[in-house]
Amino acid sequence: MEFVLLALIVIPLAVCPLFMVIPSQYPQLSRYLAALAGGALFGLSLLLFVAYEFDGGSGLRYELQWAWLENIGFLGENGITFYLALDGIGAPMVLLNGVVIFAAVFVSWNLANRTKDFFVLLFLLVAGVYGVFISQDLFFFFFWYEVAVLPMFLLIAVWGTSSEFKTFARTKEYGAMKLTLMLVGGSVLIWVAIMALFIEAGAGTYDMTVLREAALDEDFQKVVYPLFMVGFGVLAGMWPLHTWSPDGHVAAPTGVSMLHAGVLMKLGAFGILRVGMTLLPEGAEFWAPVLMAIGVTGAVYGSISALAQTDLKYMVGYSSVSHMGFVLMGLASMNQIGVNGAVLQMFAHGAMTALMFTSVGALYDQAHIRDMTQFGGIAKPMPRHTAFFTIAGLSSLGLPGLAGFVAEFHIFVGVFEAGYWWAGVLGVISAAITATYILRMLAKAYFGPLNEKWAGLKEMRLGEQFAAVLLIAMILLMGLWPAPFIDRISATVEMIPGIAG
Amino acid sequence: MSTSLEWGLLAPEFLLAGWAAFIILIDLFWGGLGKERLGWLAAIGAAAAGGLSLIWVGDTKEFGTLADINDYTTLFRVLFCGIGATICILSARYVKDRLLHPGEFYALILLAVIGANGMAAAHELLTAYISLELLSFSLYTLTAYAKFDLRSNEAGLKYMLLGAFSSAIFLYGIGLIYGTTGSTQFAVIGDVLSGDTSDIEWGMYMGLALIIGGLGFKVAAVPFHMYTPDAYEGAPIPITALISALAKAAGFAFFLKLFAVAFLPLIDDWRYFIAGLAVATMALGNLVAIQQRNMKRLLAYSSIGQVGYLLVGIAALSQDTASALVLHLIGYAVTNLAAFTCIILYYNWTGKEEIEDYKGLAQRAPYVALCLTIALFSLAGMPLFAGFTTKFILFQAAADEDMLWLAGVAAFFSFVSLYYYLIVIREMYVGEAEEKTRFPTPWLEYTALTVLIAGVFLIGLYPRPVLELAEDATATIFVSEELESGEDLVGVP
Amino acid sequence: MIPIDNFLVLSAILFSLGMYGVLARRNAVLILMSVELMLQAVVINFVAFAVYLDPETFTGIIFGIFVIVIAAAEVGLALAIILRLFRNRQISNVDEADLLKW
Amino acid sequence: MGMDQAWLIPAIPAAAFVILLIFGPYLPRKGDWLAIAAIGTSFILVFPVLADLLDQADGTTYVAGEKAWEWLSFDLAGAGETFNIEIGFYVDPITIVMLAVVTLIALMVQVYSIAYMKGDSRYGWYFTAMSLFAASMLTLVLANNLLLLYAGWEAVGFCSFLLIGFWYEKRSAAEAAKKAFITTRIGDVGLLIGIIMLWLEGPNTFNIQEIIAFAEEGGYETTYLTAAVLFLFMGALGKSGQFPLHVWLPDAMEGPTPVSALIHAATMVVAGVYLVARMLPLFELADPIALDIVLVVGLITVMISATMGLAATDIKRVIAYSTLNSLGLMFVALGSSAVTAAMLYLFVHAFFKALLFLGAGSVIHATEEQDMNRLGGLAAKMPITAAMFAIGTLAMIGIIPLSGFWAKDEVLAVTREEQHIVVYLVLLSSLFITGLYMTRLFVRTFLFAPREQEVYDRAHENGLLITVPLLILGLLATVGGFVVFDEVGEALGFAGGFGQFVFLHEAHGFEFHLDVAVTSTVLAGGGVVFGWFLWRDKAELAASVRDRFAPISTLLANRYYIDEIYQFAIDHIVLGAGALIAWFDRVVVNDAGVNGSANIGYLAGFEAKFLQTGRLPNYALAIVAGILLLSVVMLVALV
């Protein structure tokens, strides 16, 4: 099974040169190759998720450790190692990534210009994301973290769409540049924190399992943890640093914003959990209230500003910020239920947002505008599309039986258990606000009398429908039967020091 | 003659000098060879010298007290010869289209390489100074080589005068150091300085300051960097590449050796000055680069930025930082050459060097666009490419010497630098070219480019071999503290 | 014997004069002359150190000779470039040669 | 086939839903028969469960059947405990009453819908949604833990959203559906917080009985318990359309009439009553303010709904106000912790309210008109519907033999004993007003001269599929009340009357309060007679009364402007805040914060760029300055 884990990274990277070889006159060929690769990745991720079970000890399964750089300069005996392993938190995330890339390939099926380069960058992004979820070495964690950010600029700048609004304009170059710079800016903080951690641990290695045992003194942790928190927080859409998310998503093409909001934002939260909270428990303990406050602000702030949006993608962008606020609340609760909830929400939100972007993208491809107010009654010509978008909306407002509720419920219980009753109440209120803007959007754009202008709309393409069904399967699976997810996640969350009962 | 000088040790330098003369003679007597093939010939010569210097891999020999031929020297010799050979290949088409007297052009490049080798091998201030001047003079001339191009003329003038001025300052510094320590050999200076230096403080620190100033000019650290943008912009493009790769690399080879051997005992004194220089260099280099519209000036400021990162290595000098610095230097040289190759190719095709002119390059020459993107991302320190790994190791080593704040500042500015690299990439991929014609594929330049990009990927993905080379190289300059003292200069009885 | 300090002071004065000359002069040739002046100051320095501090070895003096040689080469090269500039643009004033800026 | 198989009751409609969802369009007649068969079997299954419950009971102490399966569980770090969520059902007398009501009414409504919805483009989807609704309502009723109850609660809310917005082409239907879901969702915020609060201080479980047991041992501190209970009540407010959150129920009439009959009369809206009834022990343990709030809210809803009923002209809206009125009554009963009275009223109310709605539906189906001012004199054309509607109206008013009378008297008796006299008087006045507006409804629709001839011509009696359910419900509406008598209970095999079956602490037999019965009949009868005279023939008297009290009638017509106040609040406060924050986010956080800091770098570079003047002396100056700075600092610092 170890090589299945390795395949997760090798396949996307191996596919990139293959794409380059295909002459650009045959876009269909590169699409088939992309579908093949996407399918393989989805299959492997599913296999890994199903095969993973917690067997005591550190919970790391299918370990694969290759020496990369050791006993040289400041590096000790196992220095930097190419160390892949799957653990309870990584398994659902790997599955999520597999699902979203498979769906994204189908959604961007009939992308006209330069499909070949598009898929190269897309799979580079996926390789980076897989790398982060399964690498246990801090250097390679950061390496793949940056690889995931690398192709974002070109993906948005070349294939994105600029948009004009009454009072301001957002060109795709601006969106791409802001997104990339803010993420790399965040990674500067992470880089400094990694260096400080390396010195303080003094073990001469970046292997996280070793760093976890290194007893770091309290004040050091209190100083370095906020670096990790803010550094990863930028990618997790933390409140003051979230503005790249709506602008980035508005400019990005559908497939990219699916991958980006669906998976890349989870990298940030995953980083806070895997690196911040595991290696610096006292630091996490100390900063938990601040993270909680930021999380709550993000949740309420995101949902309220989503209320005021007229552009569909902006609304989904702000709803991502709000849901990531929930994830941060879950992480900040520092107890088993809350953190479980956070990881569940990462998965749930990933599937939900991907589905939302699929639908919005499908609508945009045909209607070429995203302004809610100009649509009316398009449930008539596009019933399936409406059904998919409604399911995504309902999952995001936390309807029981869908993934959103299971995750949000755990987060609320965890937050209340951790004593932040005010955060809990605000969180539930922001869930209600989410219901408001989702339903307002549905009523305004989808229901009501059919606006003649949109009579010509046709149903979603088959590829998009397949992607949507795939994502709905994930949402329903977690909504109705979350046991497989919970068993894997909570076994590993329990191992994290500093997590209360 | 107490110590017989093993002249054999300098075989590569002799080969280079002989080859330069041979090139000039061929240019004079056999016009038929054509300017382009003359370049290839020169490249073969440089490569042969590089190959020759591999003989001394692993052993450490002394060339009298002037220079020592050890792994450090061998590594840099191979690097410099490699740079020289690449530049000769790259400039072949350029010289054919735009320059006269190709013979002297290539000869001067080979002479510059000799100068660089001398700087790396030097174990004594005078030899170092002379090789420095040899390198500088050839570069001054090469910068002003395009006789009828006003910009090249002006660049040459500025580079020349300021170069002379700063080498005078550098000399004065050496004088003071010689006066206070009584010798010009690094090892001896090192011993004297590690002893009690209370009574010679004035001269020593003044000398040190002046040397830092002079060397600062050579590697283009901030207060002394003013000539760089003009020299880069004015000089013919292959020479800009030569300056950015060879001058910086040789400068740092000498800088590292001098400070590692001679001035190491005073490290606690000069450490924060170099750190100050490093911060200023990174700050100004990256911030002004954001404003640039000309590709060559952009790369000038980007190389100033890169010098800032290398100065971080010097500021936190230790065995690990030195090897990390050498690794980063190699990475920087290879990446810079790759970037310049693409720019030279584009210049040969279109004669344009403004960033806007790169619009739509991705459609017109996808391979060149891809390689330039890889090179720029590597300069910015993005993963998969050399920049990320070398910067990571360098900053971690610097942080190990409790210079975490400096490493943090460096990481911040490498993030700032991403902006202007993205600007260029955006032009290439997002912009629309006027005419969509594809360019003819110059096979030789493409192979050189592919080799360089392969080097960038190698250092990025698996830096172990190169880092080991750097490790062995720096091991030699650090272990030689306990040299037998009192060796006089030229073995005169 | 004249104490060494006199020589050092002399060379320091010459050095700063040369430096002033480089800063103040606008004509390229005169700047070159000031640089040469600075180089000669360095030579004095070297010779003084060689004679006073370690008379038995000639390091300083050899250094001085080399500096003189290099200074000469430098003048040749610099004048060539200045002539090129003059021939192309008929200017020798350094301030006017500012095509390359910003 | 006893209580252990109770989980089949919700499972069968759920299975039907899944089958209809996937294969519905391809089934013959779009699968309506499957939906009805499913709800029919569920109805039939209620009886064996009831029988099993009665067998195991000795006298009036009933043994509740409970079975649970683990849905999700993980152990908590360090504490050794595990956090687990189960799915399970709990059957006790209250559940049986609810099951009976829900399944029967659902069956009646679905049979009725075959005719009513014939020819609708989304006919199959209607039955799918109906099955889903039935399944979720039954889950809600049977749930043994609060979380499963909450899941059923939300699912029911979602189904009402689907069914209200069934004809989503109509802008008003889409808005009504949205309004319904959002308002109930706001209520559910309270419910969720309440559940979590109960779990937080409680014994790490969501199981209702364990929570009640824990509370009875004094586990919760009273003020904490009061807060939790009031949060629960907030959920009930939203779902049962009580005073602050009642605005969505009148608009919910946009949905098809069978939907209104099932959801907005008999089942969903009473979910709040069921929740409060189920959790009443907690309400009692909390300090009395909790029950008083329930009472007061119930009273306010009774009064405003009754008065609004007078002004409404749409027959469905009048019936909707009568539902609000009845719900208010149930909450008043619960406010005086009389579970028997409340459940009895709920049981009986389901029948006659469904009858009224289906009657109205039959009128609408026949005449395609639901505005009272354009109906009139339909009795001649639609005798059965008129007769059944009459029974329903009289039952609603509470005239002696019909079921409404018995239930209302129970409530009046309880309030007279338990509560302050004013509450009793207010209830009596509401009786009178109910008499008024119900008579107005009946008279204006069925009696006297038709106001619009062509509407009258169109009227015709509907087919069997519509009239048979009306007849059945009519029978139940008349006979339903007798279940109160102990003799009738024993005859049916129960331990005694309704009081012996459903009670809070101890069973109590039926005692007839003559004085309450007399006063209520007098007032109700007076209301009918007065109403008859007001709205006779051309209703001149009513018109003159309306003119004299013009300000009041306009106030009533506009539903106390509550809708407008809410709309104003939403537009200005919520959407205003949204617009403000969106602007703040774009301008302050983004343009100033992010772009601002980026521009600082840009400008710094811009200034530094001009240092590069291109003139050689400046460069030399820079070098000299560098050297001077370096040497001076070095000498000063180090020497």
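Note that the chains are named A, B, C and D in the order they appear, and that numbering of residues resets to 1 at the start of each chain.
As a working rule, a contact is a pair of C-beta atoms (placed from the backbone, for glycine too) under 8 Å apart; a residue touches a chain by one contact, two chains touch by 3 or more.
Predicted model, so just to flag it, every value in this text is computed and none were measured.
The most centrally placed chain, judged by C-alpha centroids, is A.
Simply put, of A-D and A-B, more C-beta pairs touch at A-D.
Between subunit A and subunit D the centroid-to-centroid distance comes to 37 Å (mean Cα coordinates, whole Å).
Centroid to centroid, with C-alpha atoms defining each point, subunit A and subunit B lie 43 Å apart. Inter-chain spacing, taken between the CA centroids of subunit B and subunit C, is 26 Å.
Mean C-alpha position of subunit C lies 97 Å from that of subunit D. Residues of subunit A found to touch two or more other chains are 181.
For subunit D, residues touching at least two other chains, in rising order: 609, 612, 614, 616, 620.
Residues of subunit B in contact with at least two other chains: 157-158, 161, 165, 169, 229-230, 291. Taken together, the chains touch in the following pairs: A-B, A-D, B-C, B-D, C-D.
Considering their complex, residues 68-69, 72-74, 117, 139, 142-144, 146-147, 150, 153-154, 157-158, 173, 176-177, 180-181, 184-185, 187-188, 191-192, 195-196, 198-199 of subunit A touch subunit B.
Residues 601-602, 604-606, 608-609, 611-612, 614, 616, 618-620, 622-623, 625-627, 629-631, 633-635, 638-639 of subunit D touch subunit B in their complex. Only residues 126, 129-130, 133, 137, 140-141, 144, 147-148, 150-151, 153-158, 160-161, 164-165, 168-169, 171-172, 174-176, 178-179, 182-184, 229-230, 233-234, 291, 488-490, 492 of subunit B touch subunit C when the two sit together in their complex. On the subunit D side of its complex with subunit C, the touching residues are 609-610, 612-617, 620-621, 624.
The touching residues of subunit C, when paired with subunit B in their complex, are 8, 11, 15, 18, 22, 28, 31-32, 35, 38-39, 41-42, 45-46, 48-49, 53-54, 57-60, 62-63, 66-67, 70, 73-74, 77-78, 81-82, 84-85, 88-89, 94, 97-102.
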